[in-house]
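Both complexes below contain chain A, partnered by chain B and then by chain C.
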Partner chain A sequence: MGFITATADRLTIRNFTEMASLIRTLGASGFRRFATYRQATVAATVTNSVFGLLRTYVMLAVSAAATAVGATAAGYTGPQLVLYVWAGQGLIGVVMLWGWTDLADRVRSGDVVIDLLRPVDPVFAFLAADFGRAAYAMLTRFAVPMVTGALIFDMYLPHRPATYPLFLVSVVLATVVCFACRFLANATCYWLLDYRGVGMAWAVFSGLCGGLFFPIRFLPDWAAALLWFGTPGPSLLQAPLDVLTERDGWPVQLGMLGVQAAWAVLLLWLCRVVQRRAERKLVVQGG
Partner chain B sequence: MAERLRIYRELVRAQVRGQASYRLSFTLDLLGNLLFFGSDLLAVLVVFRQVPALGGFTLRETLVVFGLAATGFALSDLFVGNIERMKTYVRTGLLDAVLIRPLGVLGQLLALDVGVRRIGRVVYSVLLLVVALRAADVPLTPVRVLMLVLTPLCGAVFFGAFFIATSTVAFWWVESGELSSSLTYGGRDFTAYPMPVYGTWLRRLFGFTLGFGFVAYYPSLVVLGRADPLGGPAWLSWTGPAVAALAAAAAWLIWRTGVRHYRSTGS
Partner chain C sequence: MNIIEAYDLRKEFDIRVRAGRFKRERRTVAAVAGVDLVVQRGEMLGYLGPNGAGKSTTLKMLTGVLHPSGGRVSVCGLAPVPQRTTLARRIGVVFGQRSQLWWDLPLRDSFELLRHIYRVPAAEHAARLRRCRDLLDLDAFLDIPVRQLSLGQRMRGELTAALLHGPQILFLDEPTIGLDVVSKQAVRGFLAELGAKGDTTIVLTTHDLADIERLCRRIVVIDHGRVVHDGTIEALHARYGSQRRLVAELDEVPATLPDLPGVRLESAEGGRLTFAVDRTAPIGTLVSQLTATGVLRDLSVTEPEIETVIARLYRHTPAPR
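And then the complex of A and B:
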């Protein structure tokens, strides 16, 4: 390297094959990294399953009470709610709702400077590694709770073949949206230097508005619409879960993917903007 | 003894000052805690939008159960909640530093990161309990008042015992992740709803074997003046203190075994 600036010249990517190989390499590193955290994976899966058990009983009680007065629980049947709860617990680890403080830690320790010296955009590099992590989580943290839930309870399984690919696309989009949210929350550390408060606000927001604590449909229509279009919340878990439980026909399923895609693009763009500003701030500070 | 208390006081004061120095983050932290509490409450309210009663309990009755459990949990979280960072203490070697100091290990660890920012949760839980009692139209008799004072205190001891007992997992298994909190927080979620909501075996496991049924559900029956829909005898409601004492004793034993077993991370 000839000279060192605060941010290195970016790698020029000439064609799609180069980009694909870069994503593959970074993704594989993310996959391998999380594959080494075996104990943590087991611990997290057990935790998700415990909460799955508790939530399932609450949801089944809701369904039973609603059926008793001749209604349904916001249009979900009992078995659909079981699927909702367990798939939701599994997806926590796939989209990685909580516990990602990589960027915040690196900002605090100053290691982020090394990331800036790499010839790959940090947003892109973190996202590519996150795909690898999500793929590993899909095989472990998603699969285990799903099997557990299906063995213990009467769980709904999607009838329409098209639902499965739609669900996968939705999970990929949810991962991107969640990554962008995490990145933005972590990036506040460039200015605040302490992540605890922001991290907590993010944890509450994502659980509540993501559809983890209760399905967003349990809310009045206006509130649900506000969340869907005004916040990225439902794009985190609610969208893939509604696609999977087949609560609606395919037009609505596609519509939800559309909303997710819009949020993904918007938030990734925002990540770039914030990252650039942060880099400039670091340069001004003399980093 | 006075000297020791002075040292602990200094440790706590340093912590409070340290946490308050990141002002914006501290405020967000306080707000976040209130939000956490609010989101738990909101989850119950939203669920009751769908149904008039859950497991035979109306919203107002459920909120009394919820309020009792939440107050107990908030109290224990304030005093001993930070012990859930145990695995960080083990990994970073802080525990080794604590062990060679001439003060109690548990006391030091608790003083090292007191949760002043969690005080909001206690206030909110108590407020909710008061509102829920008014809403449920509970006439205050001496017996009920006694139960209302006793229950959060026993709940605090009980949850505290779980916090400490489960934190010892880190002595054996450093990368235990959220495993230790799954029992404590899972138990808290369990206590948020009346027990008839849950299936039989889960009631047996969480409610009776682990004892979470005695934190809020059984005491709340006295407060609400109801018989147990599950057919349990009335005296079960008064077993809270005994259960809490039992849990505390068990936690003490587990903690002692853990500390004696501890052999550092080796690096």
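And then the complex of A and C:
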């Protein structure tokens, strides 16, 4: 067997099986990469759970105050807020709200050249690997806080069977939206060569507008609508959490999924545009 | 048949330089300033130049990573930038200072990932991997995560990764940088065997001239973004008048020393005489005359060092205005 056979161009996607196989393989690599660092997983899960305790007591106090005056906290009951907090703590790791600097690091070091020398689109390759990472996080960083919260507090459990698959779809869309936001934030490094400022801004924005620090429903309707339709923030955490807590009926649940899907498509398209722009002006660092 | 063709290839970068307390000026720097390069299929080419000469920039333009500012370029019959992903299936690239392997995964997993990325049929992949395992002794560390490999082991992994999809051209950018002698020999031996088969074109960029001497018949030297030599190593020696050294150990210095055209006595320390001999000079006659003295004890001839020639070449190349 000689080394050379790559003479025919087989680039066109003739075969969906090959594409699915590539996604599966890249996804599996993302899963295995993150499964390697077990101590980091344990540390992150413990941290998420500790903050879950703190946030739960704050939310329960808010709920108690609302109940005392014969109201609910923006439509959530106490047990629903408990579920909101613990599922939110678990989803931080699944959508990977913070801590992803892979692309920025590769741009700074110049290793991004390796990504460009492969016959796959870098956005697609990073996204496929991110699905694997999210799957691993779902089994570890989501599952542990959920069980912890359910054991300690009176947690709401969804009554409608359809909520569970809707929640899973919403988590997948949230992962895509969050990936695209992270990718775009990292891609600024092509021009700025430094991610710290953008990374800080992204961390504040995602926590505040994503529904992590408090449910977006706590805001006035006009502000919530502005965030939902004007920014991808609520599609990161608020949407899957609202779907899971069954605060609204299924038409609203489907509507939230629709908004998430729209943001996912728009942001992925933006990632491709930005990546192509970046490739045109690319200056590979370090010779 | 030409597999690489580049004519008047140029790359300019805009940089901003401080021109006062608050003022910055935009300045254009030419990294590659009109390179002509034609490489035949199966050729093994050494691409040399001092730091900042434009070697890596040329390589990145040939592989489609960087957009040329001007000129024409064709690699495997393709335009590298517009057809980058198509070209990626036909070339292999090894950057000595970067890794194409997955840092957290075992080497075997990286190879499997590359099989899917390049859509290589399983049987072809297995056959190529088996050959690389034999030639590069990979078996001992195939299941170790890349982050735990030594530099030499990793470089052998990088070479394998670059070849598993059967590339027509292998671009190597300083593949032996930082390697110990044994690892360098392993890499060079592998590349020599690959080159000897003649079905893979190899473009080797390095500062280690021993790599070039061992592997490449043709060398292209670039400096200040321009080609300053394109030919064989022998042609380079001839062009820069490099000389061999003949060292003769004599029992005593004879009354008359050989006087031949192109031969110059460089030093005489006791009975040890060192002659500088032009490449065209009759070195056989010199040896005969020394033998005829009857006092010759030992004799050695050393070839000119390519480092010296290249250093002289770099020094003689003026920077463009």
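As a convention for this text, the second predicted complex is superposed on the first by the 270 of 287 C-alpha atoms of A that agree within 3 Å, B and C clash if a C-alpha of one lies under 4 Å from a C-alpha of the other, contacts with A are read in each partner's own complex, and residues count from 1 in each chain.
One rule holds for everything that comes next: a residue touches a chain if its C-beta (ideal position, glycine included) is under 8 Å from a C-beta of that chain, and two chains touch if they have at least 3 such contacts.
Keep in mind the model is a prediction, meaning the values are calculated, not measured.
Classify the contacts of A:97 with the two partner chains as first (chain B alone), second (chain C alone), both, or neither.
Neither partner.
Which partner chains sit in contact with A:214 here, chain B, chain C, both or neither? Use first/second/both/neither.
The answer is first: A:214 touches chain B but not chain C.
Does chain B (first) or chain C (second) touch A:172, or do both, or does neither?
In the superposition, A:172 touches no partner, neither chain B nor chain C.
In the superposed arrangement, which partner chain does A:51 touch: chain B (first), chain C (second), both, or neither?
First partner only.
With both complexes superposed on chain A, which partner does A:39 reach: first (chain B), second (chain C), both or neither?
first
Please indicate which partner A:83 is in contact with in the superposed arrangement: first for chain B, second for chain C, both, or neither.
After superposition on chain A, A:83 lies in contact with neither partner.
Following superposition on chain A, which residues of chain A contact chain B and also contact chain C?
Overlap of chain B and chain C footprints on chain A: residues 37.
Give the list of chain A residues in touch with chain C in this complex.
1-7, 9-11, 18, 21-22, 25-26, 29, 32-33, 36-37, 109-111, 113-114, 116-121, 125, 280, 282-284, 286-287
How about chain C: which of its residues touch chain A in the complex?
On the chain C side, the touching residues are 13, 51-52, 56, 60, 63-67, 84-86, 88-91, 93, 95, 97-100, 102, 104-105, 109, 112-113, 116-119, 124, 127-128, 131, 145, 163, 165-168, 194, 197, 199-200.
Touching chain B in the complex: which residues of chain A?
Residues 37, 39-40, 43-44, 46-47, 50-51, 53-55, 57-58, 61-62, 65-66, 69, 71, 73-74, 192-198, 200-201, 203-204, 207-208, 213-214, 218-220 of chain A touch chain B in their complex.
Give every residue of chain B touching chain A within the complex, in rising order.
Those in contact with chain A are residues 22, 24-29, 31-33, 35-36, 39-40, 42-43, 46-47, 49-55, 173, 175-179, 181-183, 186, 189-190, 193, 197-199, 202.
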